[in-house]
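For reference, the structures are reproduced in the following blocks.
Same chain, two partners: chain A is paired with chain B first, then with chain C.
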Partner chain A sequence: MDEARISRHGSGARLWLAGGWLLLALLAAIFAPLVAPQDPLAQDLMFERLPPFWMSGSEPGFWLGTDSLGRDLLSRLVFGARIAFIVAFAAALAACLVGSTLGLIAGYFGGWADRIISRIVDVWMAFPPVLFAILLVAVLGTGLSSVIIAIAVIDWTRFCRVIRAETMGQARMDYVENARIAGYGRIGIMLREVLPNVVPSIVALLSLEMGIAVIVEAILSFVNLSISTDDPTWGGIIAEGRLSIHQAWWVLVFPLVTLILTVLSFSQFGEALKARFDPVLR
Partner chain B sequence: MSAVVKPCLDIRSLSAVLPNGQRVLRSVSLSVQPGEVRALVGESGAGKTMIGKAVLGVLPTSVRIVEGDMLLEGEDLGRLQPKARRTLIGARTALIPQDPLTALNPSRRIGPQMTDRLVRILGWSGQRAETRIRQLLDEVQIRDPDRVTKSYPHELSGGMRQRVLIAAAFAAEPRLIVADEPTTALDVTVQKQILRLIAQLQREHGTAILFVTHDLGVVAKISQKVSVLYAGKVVEEAETADLFAAPQHPYTRALMAATPRYTDPFASLKPVDEAVLAGLAAEIAAADQAWRRPHG
Partner chain C sequence: MLLQRFLIRLLTMAITLFGVAVVVFVVIRVAPGDPIAMMLPPGATDADIARLRALYGLDKTIVEQFFIWLSGVVRGDFGTSISLRQDVLGLVFNRLPATLELAIVALLMALAIGGTTAILGARERGTAVEAGIDIASGAALSIPDFLWGLVLILLFGVLVPVFDISGRVSPQLDLPFVTQFYLFESLARLRFDLTKDLLGHMLMPAIALALPLAAIISQLLKQSLKEVLDLDYVVLARVKGFSETQVILREALKNAALPTLTLVGVQFTFLIGGTVIVERLFSYEGLGNMAIDAVINRDLPLIQGIVLVFALLFVLINLAVDMMYALLNPRLRHG
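On to the complex of A and B.
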């Protein structure tokens, strides 16, 4: 109960801070062509490795400086947010849909359905996730959709495990038994009575998973296995920044900070939403 | 012989086993006449809840019925198709549970949880169900039905939740209510109110109740008949008055000796006698032996 009260109190600030950053990043991504001060692909050797605006030698219009090819860093980050968010939403939704459905079925019906699903999850989780992702992308070929598929294929198990456990807890409750006595069918009870009680957890996981998808996409871009076009990605920018860390630290630091803030915001936003959503904690 | 009233619930030599072969119910026979309160007493683990669950068709999947019949208003539940059985049980029975918190869905408001059932089981219109719920909430002495129906379960006190559940149980006018220790989770002052409320609604609605409890004081107050259960076996059954006047079975006598009396709460309590328990163990072993022979 105490823990609940603390999380309820802390949830306000967390919700607004994390939500604010995510909204900002999302709007930047959606309106990237309007927001970005420069063309993210335009190279200009006159302007290579410009420092951020507060340092001497900076140029107006290049707020966060430029990389070793003279491309505007802020513009590249803004356009990189597009891919980050597309991957986050698509991959997390797909993983959530598959994982939560199976978790709900395993947890509610138990028996052989649970045994089969849990078995598959165990086997699945025996693979190290990053290697699994690289392997999958290698097989599927690079590109936006294969990155999304790879993340969903790997991470549905996270939803499945958590939702299964939560559903099991709910299925033991007397209200489920009461609904059965009242003549409700099993599937009806699962969807009408049990599902609403696991929705807060699904929402929290979904948000967390979006953050994870952003990281995985960044890792794949970093090892050059993500989107094979020239479109800037956060992972790609980080990879380039690493090469010029001594001449232009900002090319590495700004995308890293952006990435960390975004991932952190997704996980905090999810937790805060859950605390908000949950009628018992509310 | 004059025509006897068809019992509301008739359980005939019901036996149930766990996967390891252990019997949890041993040829239990028990009947509840229409409008009658039958108490089911026994110590923890005796199988009281199991009997209730068997009647309501919600036994855990690990528990298997191996013998016996259950008749609900003359209809043999074992002979019905699962769907027909569910419909029958849903329409004719209700449960007043032990823990009023987990018996309500935490994420749904009280009102819809209550009306839903009526709409769904009896096919009533939402309007009619709502009126009915109002009426029942009034009967269980809830003075602010608007607030209560709009609340989530955790926003109500334990006593209020139990009132809501009692209202919900009586709303569909079931013929039989299984009340499984409906006051155990409540504090003592509320216990009395709730007990009185159940007794009152039972009288007014003429509903038969299978009242599970381990409290002989409650038995004396609420029931007309009693079955005493020990290790899944009915060791004695009688009219409540007769049982208290002259308990026949040694276990019943021991149980009474172990129950505090309101008239003399400081009289020393005797734990159930070793010899009685040894006798019971022998009795049950013999019964199991006899049971195993025909059942392999």
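On to the complex of A and C.
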């Protein structure tokens, strides 16, 4: 009990810190044209590889410096947040919808439904996920919707596995048996009685998956297989930064810090939310 | 009992691999680009195109192509790479050892780091040391291998350039190896100068792969150790005068390790999956790096071959862990 109380105590601070960063990044993404100090695509060879504002040789207005084509790094990060959040929300929701539905069905009905769904999950788990993602985007053609589809197609198993196991646990509980005796139908029990009890896990997984989607998008951009190369993406900036690492370290450091903060925030936010809503911990 | 369990696992393994083969085959065949078009010089005639399509079997229906390919695979013939114009199996076997060495070194590191921090955390339970270990493992777990790789490149490739950040071995070295297992062979030949160079290249990608797994091992093993440490037989050992470290190493660890072991198996397959992008990041010449090139070049036979080899590796690891668990767990052994 002691540990539960400690984790609940700590969950408040985590929730606010993680939520605060995510809100900040989301607002920057939504109001990107207002927030970004420069045009993210404007190249200026007079201003190539400018260092960040505290170093000598920096230029006012280019707070985090510029890349090898003289494009403003801060503006590119702000606009890159748009792609990151669109992919995070769309891909995670799609994966959640498919995976949770199949997980509920497999866990609640068992039998053949469970056997078939579990076998498909086994096949999916035998693919190296990054290679699978790269392959799917190569096949579907680069673009925002391809990236979203690829992530959803690969990561639905994460939801399916967890929700299946949780549903199986819930299905054995007395309240399910009582509902059956009371004359409720099986699908009605699944949706009205079991589903609400696995929602905290779904919420935590959804938040975690958003962070994973951001990473996968960055990896795809890194191997030049995400959206069109003109639009700034965090992974694209990282790929440039990796190339000019000895001349301009800031081109790699700032997108990397942004990515790490975002991924940590998504996973911590999900955990903290789960701790807050979980009736057992509460 | 054990044999029956083994045979059932073998059967599901075969079904899984067949499923992987079908999925990858179908996915690749719906690709819009024509792989043949990339091989031809400008000005090739329609007859040339038709001849090449026939050569790679691309003129038949998808179902026919699948079974021709599958019957080849069963006989060990994975076809010919379109972009490299070499035997696929030969290419894969040439690169697989590099990836296996990297994965094994990463696994050993994860076990060492995770095991040490778990034992330390269990011994110092309830103190600031344990809290520090919890925070570190939480961060290590949340940050994926791709980002760890970039952080390491910045720290030890640029800020304090102590390690090589690209390749598998320094190109100017003369390599006497007959196998592709460079690291293991350098140890066997007592050529420690080469071992040092190889490890210098391998260390950073291996750490990037190891950190998330180390965190999982640390958390799970610490939890099991703490549970075991309250049991009567451990308390008895403590009463007999053993120190806390002795109690953990001699009494508790053996019983606490089993739940961790099953998890390490699945997590090891995740680690191998991670080699794909980490190898790319460090320009390490392994299977994953070749796979990304194969996808970019639309090299269908090579992609199929690599994906299938990865899948085979994954199911074999799961099988091995399952069998090890059955052998070590007395409840299953006598069940």
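Just so it is clear, the second predicted complex is superposed on the first by the 278 of 282 C-alpha atoms of A that agree within 3 Å, B and C clash if a C-alpha of one lies under 4 Å from a C-alpha of the other, contacts with A are read in each partner's own complex, and residues count from 1 in each chain.
The working rule: a contact is a pair of C-beta atoms (placed from the backbone, for glycine too) under 8 Å apart; a residue touches a chain by one contact, two chains touch by 3 or more.
Computed from a predicted model, the values in this text were never measured in an experiment.
Enquirer: Let's test your reading of the overlay: on chain A, do chain B and chain C clash or fit side by side?
Expert: On the superposed model, which is not a single observed complex, chain B and chain C fit side by side.
Enquirer: Per the contact definition in the header, classify A:R180: touching chain B only (first), chain C only (second), both, or neither.
Expert: first
Enquirer: Which partner does A:P196 reach: the first (chain B), the second (chain C), both, or neither?
Expert: first
Enquirer: Quick one: classify A:P232 as touching chain B (first), chain C (second), both or neither.
Expert: Neither chain B nor chain C is touched by A:P232.
Enquirer: Specify the angle subtended at the CA centre of chain A by the CA centres of chain B and chain C, expressed in degrees to the nearest 10.
Expert: Approximately 90 degrees at the chain A centre.
Enquirer: Per the contact definition in the header, classify A:I260: touching chain B only (first), chain C only (second), both, or neither.
Expert: Only chain C; A:I260 stays clear of chain B.
Enquirer: Is A:I219 contacted by the first partner chain B, the second partner chain C, both or neither?
Expert: second
Enquirer: Compare chain B and chain C by how many residues of chain A each one touches, and report the one with more.
Expert: Touching more residues of chain A than the other partner does is C.
Enquirer: What is the contact status of A:W249 with respect to chain B (first) and chain C (second): first, second, both, or neither?
Expert: So A:W249 only meets chain C here.
Enquirer: Is A:L131 touching anything from chain B or chain C once the two structures are fitted on A? First, second, both or neither.
Expert: In the superposed model, A:L131 contacts chain C only, not chain B.
Enquirer: Of the two partner chains, chain B (first) and chain C (second), which one does A:G111 touch, if any: first, second, both, or neither?
Expert: A:G111 contacts chain B only, not chain C.
Enquirer: Looking at A:R119 after the superposition, I want to know if it touches chain B, chain C, both of them or none. Which is it: first, second, both, neither?
Expert: second
Enquirer: Would you give the minimum C-alpha distance from chain B to chain C, in Å, for the three-chain superposition?
Expert: 16
Enquirer: Quick check on the output: what are the common chain A residues between the chain B footprint and the chain C footprint?
Expert: No residue sits in both footprints.
Enquirer: Which of the residues in chain A end up touching chain B in this complex?
Expert: Residues 110-111, 173-175, 177-178, 180-184, 193, 196-197, 199, 279-280.
Enquirer: Show which residues of chain B lie in contact with chain A when the two form their complex.
Expert: 56-58, 61, 86-87, 89-91, 93-95, 97-99, 102-108, 117, 120-121, 152, 154
Enquirer: Which residues, counting only chain A, touch chain C once they are in their complex?
Expert: Counting only chain A, the residues touching chain C are 119-120, 122-123, 125-131, 134-136, 138-139, 141, 211-212, 215, 218-219, 222-223, 225, 238, 242, 245-246, 249, 252-253, 256, 259-260, 263-264, 267-268.
Enquirer: Considering only the defined contacts, which chain C positions touch chain A in the complex?
Expert: Residues 12, 15-17, 19-20, 23-24, 27-28, 30-32, 139, 142-144, 146-147, 150-151, 153-154, 157-158, 269, 272-277, 280-281, 288, 291-292, 295-296, 298, 303, 306-307, 310-311, 314-315 of chain C touch chain A in their complex.
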